[in-house]
Structures are given as structure tokens and as C-alpha cells.
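Two complexes are shown next, each including chain A; its partner changes from chain B in the first to chain C in the second.
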Partner chain A sequence: MVISPERLRMLEIIMKLSIDNASRALSKTLRTGAKIGLSKIYMADFNATTEKMNNDTREMTGIIVNFKGNLGCKMLFMLPLEGSIILTDYYLRQPVGTTKEFNDDTESVAQELGNILASHISNTLVSDFNAKLLPEPPQVHNDFAGIIFSSLVLEQGILCDQLLLIESIFEICKTEISCYLFLLPELASLEKLLDAIGVQK
Partner chain B sequence: MKRILIVDDAKVVRLVIKQILARNGFQVAGEATNGREALEKYKELKPDAVTMDIVMPEVDGIQGLKDILAYDKNAKVIMISAIDQRDALQESLLSGASDFVVKPFEDDRMVSALNSIFSKE
Partner chain C sequence: MNDTPNIFTVGVGDAKITKSPHHLKTLLGSCIGIVLYDPMVKVGGILHIMLPKKTGNDSKLTKYADTGLPFFIAQLIKNGGATRNSMQAKIFGGAKMFETAGNLINIGEKNEQEVRKILKEEGIKIVAAKTGGTKGYNILLDTATGNVECRIFGEPVCIY
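Right, the complex of A and B next:
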């Protein structure tokens, strides 16, 4: 499936609005800034993108959220394992360094941050673009970046070689934490959504 | 002291809500992690009010709200969710939710929602 440049441009604007909204919610939750360092939308080759992620050899915490509604979509929020430990202290309003290792609280904070991001992304798409979209409960995985990324794209990768990928990088202020946010919309339902709001093919 | 049942699948959210309740003169009646457990705990603990998340595994919060109100039509349930969508808000309020608080929230917002429902007694 090919998406026209005009449609890609429109999608980029729509997705930036929803990711901006999510980053504001993340900042409020953590009571520190979450700055978007990069945001882009592109048709990605399944194998090339997986290989790129395999080159990031850090151990990561990945939060995968599936959405239900008239726009099929998946979200992956991924940050370094040490970062998820620091964000646990931010979330619980305790001095950084209190949490020493990944534990039940860290997993629960990761789950809740995924829920906040996914909900606020869907809130914007629903209110501004007539989508019907609700997140399902987040799943938390600890593994290498490439393996977590593969588990996100595997299902779509089996169906087609090309993926529409929305990639953002968040930087958490006052920390060295840089996080990936991927959105992987299902192309057929995305086309219908664009048709419904009158975006030219 | 009013007793509150906290329903959320995330342990840290329950912890944060517990801390807010303790600081503001409420007692925690118990905790549940989905809508099904919420009904069981409601029957067992008979709390004065419930805080209910929406997105949860097995039985979601809107179904949990409906089940609790089917058991006790006078139950006081405050929805607390990051879902800020007209459909979810309408369904919650039409099903009988007492209030709807959007996450992330300031402590005062949740406390004022609780005080407001008890002031109507």
C-alpha cells in the first residue's frame, strides 16, 4: 500500500498534535518536562527497521499498548532499564536513587506511564479527528531494544514488508533519559479515517 | 471517617491514591485491580465510595461501575481515568457515576470530588 505525500504530511500534523498532548500529560505526571526531541512519520521497511533497532544494544523497558476502535493501532514506549528505575522515583515523588533495581513498583510505573501516553494520544485523535480509539491495558517487557521492537511489528511484518511508522524521541528534563515512542497504525483503517475527514488521496 | 474502595490495575496508582486519601482524612476500605474484583470487594467491605479506573484487564471500569450500581443503586463511584473522551464520559455519567476525574490530576481535584458527593448526603 502506498500513501501519498499529501496524506503523509497531514498524518504528520495529526500525530504531532496527539504526541504533543501526550508529552504534556507525561510532564504533569512526572512533574518534570518531557521534551520531544524528534518526531517523524515514514514508510519503513520491516527488516531494515528491525536491524536498526538491533543495533541499539541497551537493555530496555518496553511498554506495548494495543488500541481498539475504528483505527487499529499499536504503541510502543521504550526507555533504558535504568531510566525506568529513575522515573519510578519521579512518579512516587521520592529522591532519585531510592529505587535501586527494577521491581514491582517500577513495572507498575511503566504500565501507568504507558497508559497515560496511550490515553492522551487517543483522546486527541478521538476529539479532533472522529476516530474511535480506546487503549487496552499496557504490557511491560524488559529486553533488548531490537527484540521488543520485533514483538511490536511482527504481526504486521508477516502481512506486509512495509510499515507506516511514527517515531518520536522524548527527553526527560533533568535526566539523561531518552525514550522512544513508536506508533504503528494499521494502514487500511488509517486510510478510512483520512477519507472520513476529507484528506485528498 | 469515610471509607473508600480504590480500583485500579496499577499498584502505584493505588499507592498514590491511598496517600492522598490518608492526607485528607479518608480511610482506605480496600483495593481491587479490575471491575470483577471491585464488585466482590464492594459486597464484602461496603465502602462509602469507590474510585474506579476505566482501562483494566478482564472487566473494565465502566462495566465495574454498572455492576456495582446494579447491586447497590445508591453506590457512589468516581471514575478516575486518563481517558478523556466524550463517549466514555457520557457512558459513565449515564450509568450513574458520581464524578469523572481525568489523570494526571492534582490532589485537590480528587478530594473535592469526594467531598462533593458526601456533602450531598
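Right, the complex of A and C next:
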């Protein structure tokens, strides 16, 4: 399936709004800035993308949220393992260094950050698309970056060789933590929604 | 001929073949990585399958064990100069990953069963296997020796 440049442009505007809302919510939650360093939307070849990501063996924490409703979508929020430990201290308002390792608190905080991001992204998409998006409970997994990314795209990669990816990077102020946010809408339901709101093919 | 060792990466649902002194690597979650190696000609490859059986009209044979493995073996013989009798297999991956993967929850186990069945039918011996668990695998094949360096997330490196 190929999505037209006009539709990509429209999606880019809507997605930037939702990611902007998500970054503001993250900043408020952590009480420090979450600056958007990159935000782009593109069609990606499944094989080429997974080949590139399979070179990335950094140890990361991944939070995946599945959205149900009339727009099928998945969200992945991924940050370095040591970053998730630091953000636990930010979230719990305790001095950085209090949390020493990934534990139950870190996992809960990661789930909570996933919930906050998912709800702010879905709020924007619901109002702009008239979509019904129901986030499922976040799943947290620590692994190599390439493995976490593959888990996001695997199901769609079975059905189609092309993926529509929305990619953003958040830089957490006062730290050197870069967080990656990927959104993977399901193409068929997205096309139906764009038809319904009258976006040119 | 380029004798400087290079490392080539195999993507999900893909396959690559190379000769000594080059290396191949991939990351595996619920997918299975099948390493085939012929020590006589020092040629090897990695097939990274996603599902046990082909469904629908998908033309990408290497996504599936039932279509990918026979194709991969044939390519190793035709393009790599390997022979079936001296070929040996090592298998990795098949972990149970995120529960959000829906129907893919237990796919790792099914992938492994299908791979073992096909390799038996093809008469290729499995000389090493490290499968299952809940964490990803990072594997690296050295075609000079046939050794596979395997690192499971959070564990030390092991050689197979």
C-alpha cells in the first residue's frame, strides 16, 4: 500500500500536534523539559528498516501500547536502560541516584509514562480524526534496541512489506537521555479515516 | 577478492550468505535464526524466519520456515558451493516477547518446531541450539570457523 504525498503532509501536521502534546505532558510529569529533537513521518521498507535496527544493540527499556478502536495503532516509547532508572527518580521526586537498578518502581514508572504518552497522543487523534482509540495497558520490556523495535513492527511486517512510521526523539533536559517515540498506524484503517474526513487521495 | 573481514547484518524475515573471512549477524526475538555452515568451503549463512508456515500470496519466501529453509539451502549449494552432506545447522531465538504481540505470543515455540522438522526432512544435522526464554538474542557467525557468538540480553556471551 502506498500513501499519497498529500496525505502524508496532512498526517505529519496532525502527528506533530499529538507528539507536541505528548512532550508537554512528559515535561509536566517529570518536571523537566522533554524537548522534541526530531519528528518525521515516512514510509519504510520492512526489511531495510529491520536490517538497520538489527545493528542497534544498545540496552533499552521499551514500552509498547496497543490501541484498539477504528484506528489500529501501536506506540513504542524506548529509552536507554540507565535512562529509565534516572527518570524513576525524577518521577518519584527523589534525588537522582536513589534508584540503583531496574526494579518494580522503575517498571511502574515506565508503564505510567507509557499511559501518559498514549493518552495524550490518542486525545489529539480522537479530536482531529474523529477516531476511536482505546489504549491497552502498556507492556514494558528490557532488551536490545533492535529487538524491541522488531517487536513493534513484526505483526505488520508479516502482512505488508511497507510500514508507515512516525518517529520522534525527546531529549530530557538536564540529562543526556534521548527517548525514542515510534507510532505505527495500521494503514488500512488509517486510509478509511482519511477518506472519512475528506483528505485528498 | 576482499579479504578484510566485514560484518553484514540480516534483517527480519531475510537471509544472507557469505564466505570466510566475513561475518554475519542478526538480532532475534520470537523469530528463529537458522545458521547453516559448510566447514569444507567455509561458507555460511543466516536465515531469519518470522513464522512457521507461509500464508496468503506473500512473495517473500524467507519470512517463513516452510518456504525459506528449502530456498536457503538451495542458495547455499548453488551460490556458495556448499554440499548438503557437509552442511551443519545451529538454531537460535524463539523467545516469548511482548504480550501485546497478540497471536504471536507463542510463535517462537511453533517456529522452532517447524524448523527442526524441516531440517530433519532435509537431512541436515543440528549441531547446536539455544532457544526459548523471554529475552532477545544477538548472534554473530564467523565464517572462518563456523563459530556463533550468542549473547542473550543480560547474560554473558557464549560460543556455539
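Rule of thumb we're sticking to: the second predicted complex is superposed on the first by the 201 of 201 C-alpha atoms of A that agree within 3 Å, B and C clash if a C-alpha of one lies under 4 Å from a C-alpha of the other, contacts with A are read in each partner's own complex, and residues count from 1 in each chain.
As a convention for this text, contacts are C-beta pairs under 8 Å (C-beta built on N, C-alpha and C of every residue); 3 or more make two chains touch, one makes a residue touch a chain.
Everything numeric here is computed off the predicted structure, so don't read it as measured data.
Asks: When the two structures are laid over each other on chain A, do chain B and chain C clash or fit?
Replies: They fit: once the shared chain is superposed, the two partners occupy separate space.
Asks: Between chain B (first) and chain C (second), which does A:Gly37 come into contact with in this model arrangement: first, second, both, or neither?
Replies: Neither: A:Gly37 stays clear of chain B and chain C.
Asks: Should A:Glu136 be classified as contacting the first partner (chain B), the second (chain C), both, or neither?
Replies: A:Glu136 sits against chain B and chain C alike.
Asks: What's your read, chain B or chain C touching more residues of chain A?
Replies: Of chain B and chain C, the partner in contact with more residues of chain A is C.
Asks: For the combined three-chain view, what is the angle at the C-alpha centre of chain A formed with the C-alpha centres of chain B and chain C, to the nearest 10°?
Replies: 120
Asks: Where does A:Thr50 make contact in the superposed view: on chain B (first), on chain C (second), on both, or on neither?
Replies: A:Thr50 sits against chain C, while chain B stays out of touch.
Asks: State whether A:Lys74 touches chain B only (first), chain C only (second), both chains, or neither.
Replies: A:Lys74 contacts chain C only, not chain B.
Asks: In the superposition on the shared chain, how near does any CA atom of chain B get to one of chain C? Answer in angstrom.
Replies: Checking C-alpha atoms only, chain B sits 12 Å from chain C at its nearest point.
Asks: Both chain B and chain C contact which residues of chain A?
Replies: 136
Asks: Mind listing the chain A positions that touch chain C in their complex?
Replies: By the definition above, chain A touches chain C via 46-55, 57, 59, 62, 64-66, 74, 136, 139, 141-144, 146-148, 150-151, 153-155, 157-158, 161.
Asks: For the complex, give me every residue of chain B touching chain A.
Replies: 9-13, 15-16, 55-57, 81-88, 103-104
Asks: Which residues, counting only chain A, touch chain B once they are in their complex?
Replies: Interface residues on the chain A side: 25, 28-29, 88, 91-92, 104-105, 108-109, 111-112, 115-116, 119-120, 122-123, 126-127, 132, 134-137.
Asks: In the complex formed with chain A, which residues of chain C make contact?
Replies: Contact set of chain C toward chain A: 9-14, 25-31, 50-51, 58, 60, 63, 97-102, 104, 135-136, 138, 153-154.
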